[in-house]
Structure formats: structure tokens, C-alpha cells
Amino acid sequence: MSAPIKLRPDETFILNVGPQHPATHGVLRVKMEMDGEYIVNAETVIGYIHRMHEKMGELKTYSQFLMNLSRMDYLGALGYSHGHVLLIEKAAGIEVPERAEYIRAITVELNRIASHLFWFGAFVMDLGGFSPLMYALQDREYILDMLEAITGSRLTYSYYRFGGLYNDVDDDFIAAARRFIPRMRTSMKKYHKLVTGNIIFRKRLEGIAPLTPEICRKYGASSAVARGSGINFDVRKNEPYSVYPEFDFDVPVFHECDSLARYNVRMAEIEQSLRIIEQGLDKLPGGPIMPEKKLKAIKVPPGDYYQAVETARGSFGVRLVSDGGKTPYRLKLRSPTYSNMHLFDESCRGMLIMDALAFMGSLDLVIPEIDR
Amino acid sequence: MSLTLLNVIVAVIIAIAFAALNAAYLVWAERRGAARIQRRPGPNINGPFGLFQPPLDGVKLMAKQLLIPGGVDKVLFMAAPVLAMAPAITSFVTLPFSDLIVGHNMHIGILLIFAFASIGGMSLLFAGWSSRNKYSMMSSVRAVSQAIAYEIPMLITVITVVMIAGTTDLMGIVKGQMGGFWHWNIFPFKAGLFNPLMLMSFLIFFTCSLAETNRAPFDLGEAESELVAGFHTEYGSMGFGLFFMAEYANIVIGASLTTILFLGGWDCPFGFFPGVWWFLLKIYLLIASFIWIRWTFPRTTIYGLLNLSWKILIPLSLFNLLLTAGLLKVF
Amino acid sequence: MIFEKTKQALQGLFPQSEKTPVTALPPAQEDAAESKKTPKKEEPRPDGVVERDYKVHGYHLDAQVSPAQLLEAVSLLDKAEFFIESITGVDWIKEDQMEVIYDFNRYDFDLCRVVIRTRVPRSNPVVPTITDIYAGANWHERETHDFFGIKFDGHPHLIPLLLPEDADYHPLCKDFKV
Amino acid sequence: MGAYFSEIFSGLWSLFIGMSITFREFFSPTVTVQYPYETLTMTARYRGHIDLIVGEEGKTNCVVCGMCEKACPSDCISLAGEKPEGGKKKELTKYTLDFTKCSLCGSCVESCNFNAIDFSKEYNLASTRKEDFYFDLLQRLKDRNP
């Protein structure tokens, strides 16, 4: 709800939301200039857990740095590794077996669901509802168990390798994934009844924080932030990579531009991801998961390469400038939330603080991913 | 006279004990209930079913240092938790639990309870203002606007009930509803009054008592994801403990009032064996639904809350007031 | 097609007299153009528009402009409804130059990724800001300033973003030792 | 006017639907594991910290090639070996893992061509002292087969 009263810039106070605040989900600080409960001005301060991944990328060899990618975003780790391995494979000309690509797509989509489920729970908790978080975590647990069984870890998977995968999936995984799909669909019905249809929930989000497509474009927003504003942009469709062209899925787009639209996009995405997983399991070919020839140390011909992928949080890009050496000359990680968070400052002006925090929740922030 | 005074003192002591016991075990019930709803076991380590958890929590709170942050208004800061607890306890004195168990019945009992309830709102204002914390300040302002907005529809529905009963005496209100559930004010099908809208009034009153006690989905004063912990952000140890107890004591009062005004007090639904057990059963059912609601819904916004009060609850309760007045006049 | 349009528009920035490189490079020539950029060669790539193989490089158009032309090039893309993906720098220490790379992409299915790059001397790395055109460039420019020490002339709030407030080092410069 | 009442009723109805769901959940069984009292077994591929594999005669398979040391992104592994007199192969004399830096990525295990290291299944590794995280894997190997 925008401010119906005239704001008084001369009678304001500064409110520091964060670095430790329940709504920021990490160490994010927003310096808000408030007039009562209305925000006059906001300045986001980030960088509290900046780890300089890009410098590490320059100092480590390609395969050593691969592990860092899954530490960027602890909720959707696989998507980030996927972008990196795709880039290096493209640049160094490594062939990937088809089975490996299918398994990558399946695991990335599982990871996307896990990430969206966590976001769903945390978002509803931001709005004051506690129980959906627990239900979402319970469903997410099935995914983590599945992924743990094949990758060996629960959050920071380090599962992909240049040219393929670290481990093949087994029949248990496939059976578990098949069991998971109908169970998740039932849960989605429950979530829609419990949360989406709830009048209090709808009233809190409808018309809150409208983001015009123009703002999205100026800030380079992606993921549900763009798709909730009527922009049909999904890297999986716009720039098809990996085996995504093989799958039949839709990109949910909502035109309301408000926080509820962003929520609806993510909820619809879970269902689309389920469709992808279902098709992936049906189509999963046999064969090796790594190239026949064992790869030696990877070298990339000199040049400038870019690869974008659609992670759970939006369009993640890796830019590699190579000089032909063992380590990248420059490795830039374009994180999607960085751009999505950036538009918060401009868009939250004139909002009530509780709406602004609901808006912040709808952006799906993972702070380590912003700070890198 | 002296006997009455003694009576009141004993009643207050019993009320304190009852309030404290309720607060302690309602916390336990809330934690267990929330856990069950979320498919967890809840506190289950200390004692059977975790039943020793509340006294242990109490010991922990009491053993903690009473911390007063620098720069606070000390007098108000100390007074606020006491001010939150005192009216809650005092209200118990005049609540009739059955036709025999009542501390001190008064002819204006219902007015007394509402007078005390508004002191509770003041304690939140004191706590928030004196804490010298911006979050607390915002929280207290919210709490006060919420208290004002919801006292109006609440009082209007109470006036409706008072009109039906013809008395402000709580005992009298219950006595008017004796004789089975069809006589209760929630669906009054007794001679001379057939008002189908009383169910709506019951819902309005119930909603208002949720809002008055600062419970979810109207817990804007606490709003932990926005205002950290709201008005009690700066309170630790027993200062926090008193706020906590006051909240649960207020819940008990809210449930008791709802029972007395709409659910026939200690009356049995089928007309036999009326007694205090029916009263307790009813209030604990209501409290269970308080807990149930809290763990189901997200929080409303401040404007959503005020809109609900001014645009829906007040017009509807006023309409019912007029309708009831008309019906009473006609029949 | 937006690709052709953008290419022509960007080529318009370079007068014919300057003899910009040919547009569609066959692969062999493209490699030659690339190797020019590598630090082994002393001579950096001249300004101009180069078409890249999307399959290998992941973008379509690569325009190197001088800092003075930057704003014009970026506003061309803004008019064509591109969105900003990122801004980053590269420290070409052997050539004693800093490169600023701007990535642009489109929301529609008319896929066209454009990279705009500009080079400035290492001793005085100043580039005009594009925050007036793309508000979202703000953080990207601050980040590039943090990491490389490149100054963005006219930037409204050029203070450290990811690094601590008092940071006086630029960690991605090649002469920064860990 | 009609919209006003229909919103009230549909809103109220959505609240009751929500309550019916939590009511059902109230009576469904708990799903959590009471952690210190019950534990789950780790999956077969669980990546704990590394351990030396017991080879023939209770000895390690390690030939001190140093591949794991090189592969490690965080320099956690340091190993040393020497040739025994008359022997052909190097023998491992020291293998320490600095667990404070290890991120459990598993690069070392993958780089090993001699099947000498593997992941352990240990996860209860909390400690307040830094020294507890410098693991002497050779010592651990000896402890496992006395």
C-alpha cells in the first residue's frame, strides 16, 4: 500500500533493519529513513559475508574452483554448479554424455523445488504464519534425502564435474523421485488451500510493491521478479541450454506485478519442475556419465565466454576471460539476486514497513549469493 | 465490610494462583499444540509429556538478571510489566466461574472488566515508549490503535447482550441463559427473541477478543518478523515473564467473557448438572481454538486490521444492535 | 531482426574513415581477432563491433567503444529495450589497461546478447557512469569500483559496497597479492 | 453491497478451510527424529572427512604420490613419505588433514588413483578447540586395526 498521506521528509528517523533482523534471513542491512511506519528512503547495505569468490576463481584451477560454486547459494547449489560446468565445457569443447545431462536437469529441478519450498516456508513465516514452514521443510526433506543419497551431501552438493557427474544415480533414486512427484502434487494442493486461498494472506500481498516491467528492465531483474511483472523471461526457454529443449514445460507468467504475482510464479514453477522431472525420468537414457577419455587438467583457449542458466533465483551468468592458462584470467559471477535486491531501494519508497518486508520476502533473497 | 475485604483478598490470591498456573500450562499447551500441528512432538524431555517444562522455564526466567538498558525511562520501564499483569489478575476477581464460585460479584461487572482491559493497552504503550527502541515504539503505537479500534465493536456486541439480559451483572447474564444450549445468546431461541444474527455477533466478539489480547493473526504489537519482538524487545527475565503471563491471563479472561456472554457460562448444553466444570470445559475449548488459529494463519497488516474493524465489524455489530433492539421491542 | 538493427546502430558509432573491422568474421579470422586481445600481443584490439559465435562464446555482439562513446552506445541499447545483466572489469596489466565490460540481454525471444567493452589506462581509470540510463548499474559500478578501482564519473554514491567501508585496496587488480 | 458480503463470506470460508487443514495435521503422526536419542544412519555415499582405507595387511594403499594434496582447493592435506631401506615404494609417514579448512568437497578422493582414501561417516565433530580438527589419519588408521 503506498502512502496515502504526504510524507514529511523533515520529520524522519533512521531505522536500521539488520544486519541481524528476523526478516532479512541472513546478514543484510537496510538503512531505512522512516516517517512513522512509512519508508521515505531506503539504502541497502550488503557485503557482510562477501567471500571474494571471483579472486578465488583466479587463483585456483578450474576443477578446484568448481567446489566454490555450490557454496554461493546454499539453497539452490546445483544450479550454480550447472552454469559453471556448462561454461567450461562450452569453452574447452568437452563433450558431455547425454545421460549426464539428463541427470543434471533432473537434479537441478529437484534442487529448484527444494529452494522454492524453503522460500515458500520462509516467506509465509515473514508474514507471520508458522506452520507452512514446517510442512514445506518436511517436503524439502524428501528432496534432500534423495540428493544426499546420490551426491553425499545435503546442501553444498559439488555433484557436477566437467564432462559429466561425480556419481551415477541408482534405481533407489529413480524410485524415490517417482514416489516424490505425486506426493509433492498432493502437498501443493494443501499449500494452495492453506496459504494461497487464505484471505489474510491475499490481502497482505495483493497490490503490494508493484514492479513495472520498466523497473525490471532497468535493474536487470530475472526469475519470479520479472515473471511476476508480465515478462516472459526464463533462460531455459529464451536461451535453451543442456537438454531443456527436450522437455515440455511452461513458463508461468503473471501480469499483476505485485507480491502475490511473484508468489504465484514460484508456486507454479514447482509444478512445472515436477513435470520436467517426470519427463526426465521417463527419457533418462543409459550410458556413461563421464566422457570415455579421462580428462587431464582443463585448459580453455584464450577468449571471452559467457554462459547463463536459470537457477532457482533467476538468471545466473558466468563470464570467463581466459588467457589459455591453468587458471581463469578473470571469472565474473553474475548473481541474480544481486540485481533483484537492487531494485528494493527504489521500489520500497512510500511503503509501510510491514509491506516492505513482505516485498523483501517475495524477492527470494539468499544473502551469500548476493555477496558472493 | 471486613468480611467482604477479606473475601476480595482471598479471591485475589486465588486469582493470582489461577492466572499463573494457567499462564504456565497454557504455554505448555500452546507449545505442544503448535508442535502437533507442525508434526513435531514439542516439549517432551522434562517430565512426562514435558509437563515439568513450564516450572523449569519459570525458574530460569526468575533466575535471570533484570536488565535495564541504558537511557530508558526507568519508572515506566519497570511499571509496564506490572501494569500488564495487575489488571489481568484483578479482572478474575469479578468473573463468575459458577453460581457459587465468584470472587466478588458486582452489578457492573462487565464494565469493570472492560475498564481493566483498557489499562492493559496502556501498559503496552508504556513498555514500548520507555524502552528507547524504535521497534518497540512502533509496536506500541500499533498496539494502541489496534486496542482502540477493537474496543468499539466489542463493546457494541456487549451492549447487544446486555440488552437481551437486561443487566450488566455477569452472574445475571449467565442466569438469563440457563436451560440448555438453545437458550444461550449464541443462538437464542427462547421465548421473545429469535435473532439469527447472534452467531455473527459471537464471531465478532471472538475476533475482537483475539485482537484485544494481541494474539495472532492480530499480533501486530509483537510481529516478530517485522518488529523483532515488538514492545517487549528490551525486556528480559521476569519483566518478559510478566508480559508473557499477562498475555495468557488475558486469553483466559477473553475466553471466559465469551463463555459468559454467549455460551451460557456454567450452563450445561442439555440442561442438567450445571457447574464449574462446564465453564472450564468451554473456556479451554475456546483457548484451544485461540491456539489453533494462531498456528494456522499469517498476520494481518495494520491497515487490514483497521479496515476489518471499521468497515466490517463495527457496521455489522451496529446493525445487530439495532435489530436486537427492534426484536426486543416487538416481541 | 533486433540483432541486425543493433549491429547497425552500434556500427553507426564508428565513422567509416576509421575503418572498423569487418562485420561477419569467418571463424579463422575471428580467432585472429581474439588472439589480438590476449595479453601476449602488445597491441590491443581496436574499437569496433565484432560479431561472435553464440555457440562458443555465449553472446552475439561484441562492441568495443572508447569511454567517450560509452553513453551513446548504452543509450542505443536502452532505446532498443535491452536489460542490463552485469558490469565487470578486467585488469590487463601487461597492456597497462583496464577494461570495463557491460553485458546486455533481452527479455523477449529475439535472442541477442550484447557486450560493450571499453578500455581505460590503468593509471587513470575513469569511465562515465551509466546510472542515469540504467538505474540498475549503480551496484554493478560500485562493485567494479571496489574490485578494480575504476572510477565512474558522475556516479551518485561511489562508496564500497561489498568490501568494508574503509577498504583502500582493489582485490581483483592483478598486482594485488593475497 | 453484494461484493462486500461475498468477500466477507468467501474470506471467512477460506479461513475455515485453512483451519480444517491444520486440524487434520494435528492428528497426523509426527515426522521428526529426536536427534540425540535416535539417529539416522548415514547414506552410503555420505561425504564426511576423509580417512585412509585399510589395505592389505592392515596397511594403507597410499603410495605418497601427492595427488590429493594438489587437488585440494584449500590446502588442507599435507602428507610425507620416505623410502624404507631396501624398499622400492615410498611409505607413508605422515598424513594430516586440517579439518578447519576442509569443505568436504571430495576432490582428494576423486583424484586418488590408488584407492587409498575414502570418506568417513563421522559427523559428530563439534569441538571448542581448534586442535581437535587437525586429524592424523595415519594414527586413526592404526587405531582402527590394532
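Per-chain numbering from 1; labels A, B, C and D assigned in written order.
We adopt the following convention: a contact is a pair of C-beta atoms (placed from the backbone, for glycine too) under 8 Å apart; a residue touches a chain by one contact, two chains touch by 3 or more.
What you see is a predicted model; the values in this text were computed from it and never measured.
Trainee: Counting one step for each move to a touching chain, how far apart are chain C and chain D?
Mentor: So the least number of steps between the two chains is 2.
Trainee: For the chain pair with the highest number of C-beta contact pairs, give its two chain identifiers.
Mentor: By contact count, the leading interface is A-C.
Trainee: Average the CA atoms of each chain to get its centre, and name the chain whose centre is farthest from that of chain A.
Mentor: So the farthest one, by centre of C-alpha atoms, is B.
Trainee: With centres defined as the mean C-alpha position, give me the chain A-chain B separation in Å.
Mentor: Measuring from centre to centre gives 43 Å for this pair.
Trainee: Let me have the rounded angstrom distance from the C-alpha centre of chain A over to the C-alpha centre of chain C, please.
Mentor: 26
Trainee: How many Å are there between the centre of chain A and the centre of chain D, using C-alpha atoms for each centre?
Mentor: 25
Trainee: Could you please state the distance in Å, as a whole number, between where the Cα atoms of chain B are centred and where those of chain C are centred?
Mentor: Measuring from centre to centre gives 64 Å for this pair.
Trainee: Find every residue in chain A that makes contact with two or more other chains and list them.
Mentor: Touching at least two other chains: 131, 135, 138, 194-195, 198, 200.
Trainee: Residues touching two or more other chains, restricted to chain C: which are they?
Mentor: none
Trainee: Can you pull out the residues of chain D that are in contact with at least two other chains?
Mentor: Residues 12, 15, 18, 21-22, 25, 31 of chain D each touch two or more of the other chains.
Trainee: Based on which chains touch which, is the overall arrangement a line, ring, star, complete graph, or other?
Mentor: Contact map by chain: other.
Trainee: State which pairs of chains touch, listing all of them.
Mentor: A-B, A-C, A-D, B-D
Trainee: Under the touch definition given earlier, write down the residues of chain C that touch chain A in their complex.
Mentor: Spelled out, the residues of chain C in touch with chain A are 34-35, 37-40, 55-59, 62, 81-86, 88, 90-91, 101, 103, 105-109, 111, 113, 115, 134-136, 138-139, 147, 160-164, 171-172, 178.
Trainee: Show which residues of chain B lie in contact with chain D when the two form their complex.
Mentor: 33, 35-41, 44, 203, 292-293, 295-297, 312
Trainee: For chain D, which residues are in contact with chain A within the complex?
Mentor: 10-12, 14-15, 17-18, 21-22, 25, 31, 43-47, 71-73, 103-107, 110, 119
Trainee: Could you please specify the touching residues of chain A with respect to chain B in the complex?
Mentor: 1, 13, 15, 21-23, 34, 36-37, 124-131, 134-135, 138, 194-195, 198, 200-201, 203-204, 352-355, 357
Trainee: So in the complex, the part of chain A that touches chain C is made up of which residues?
Mentor: Per the stated touch rule, the residues are 46-47, 50, 52, 54-55, 58-59, 87, 90-91, 213, 216-221, 226, 231-233, 237-239, 302-308, 315, 317, 319, 321, 323-324, 329-330, 332, 334, 338-339, 342-343, 346, 371-372.
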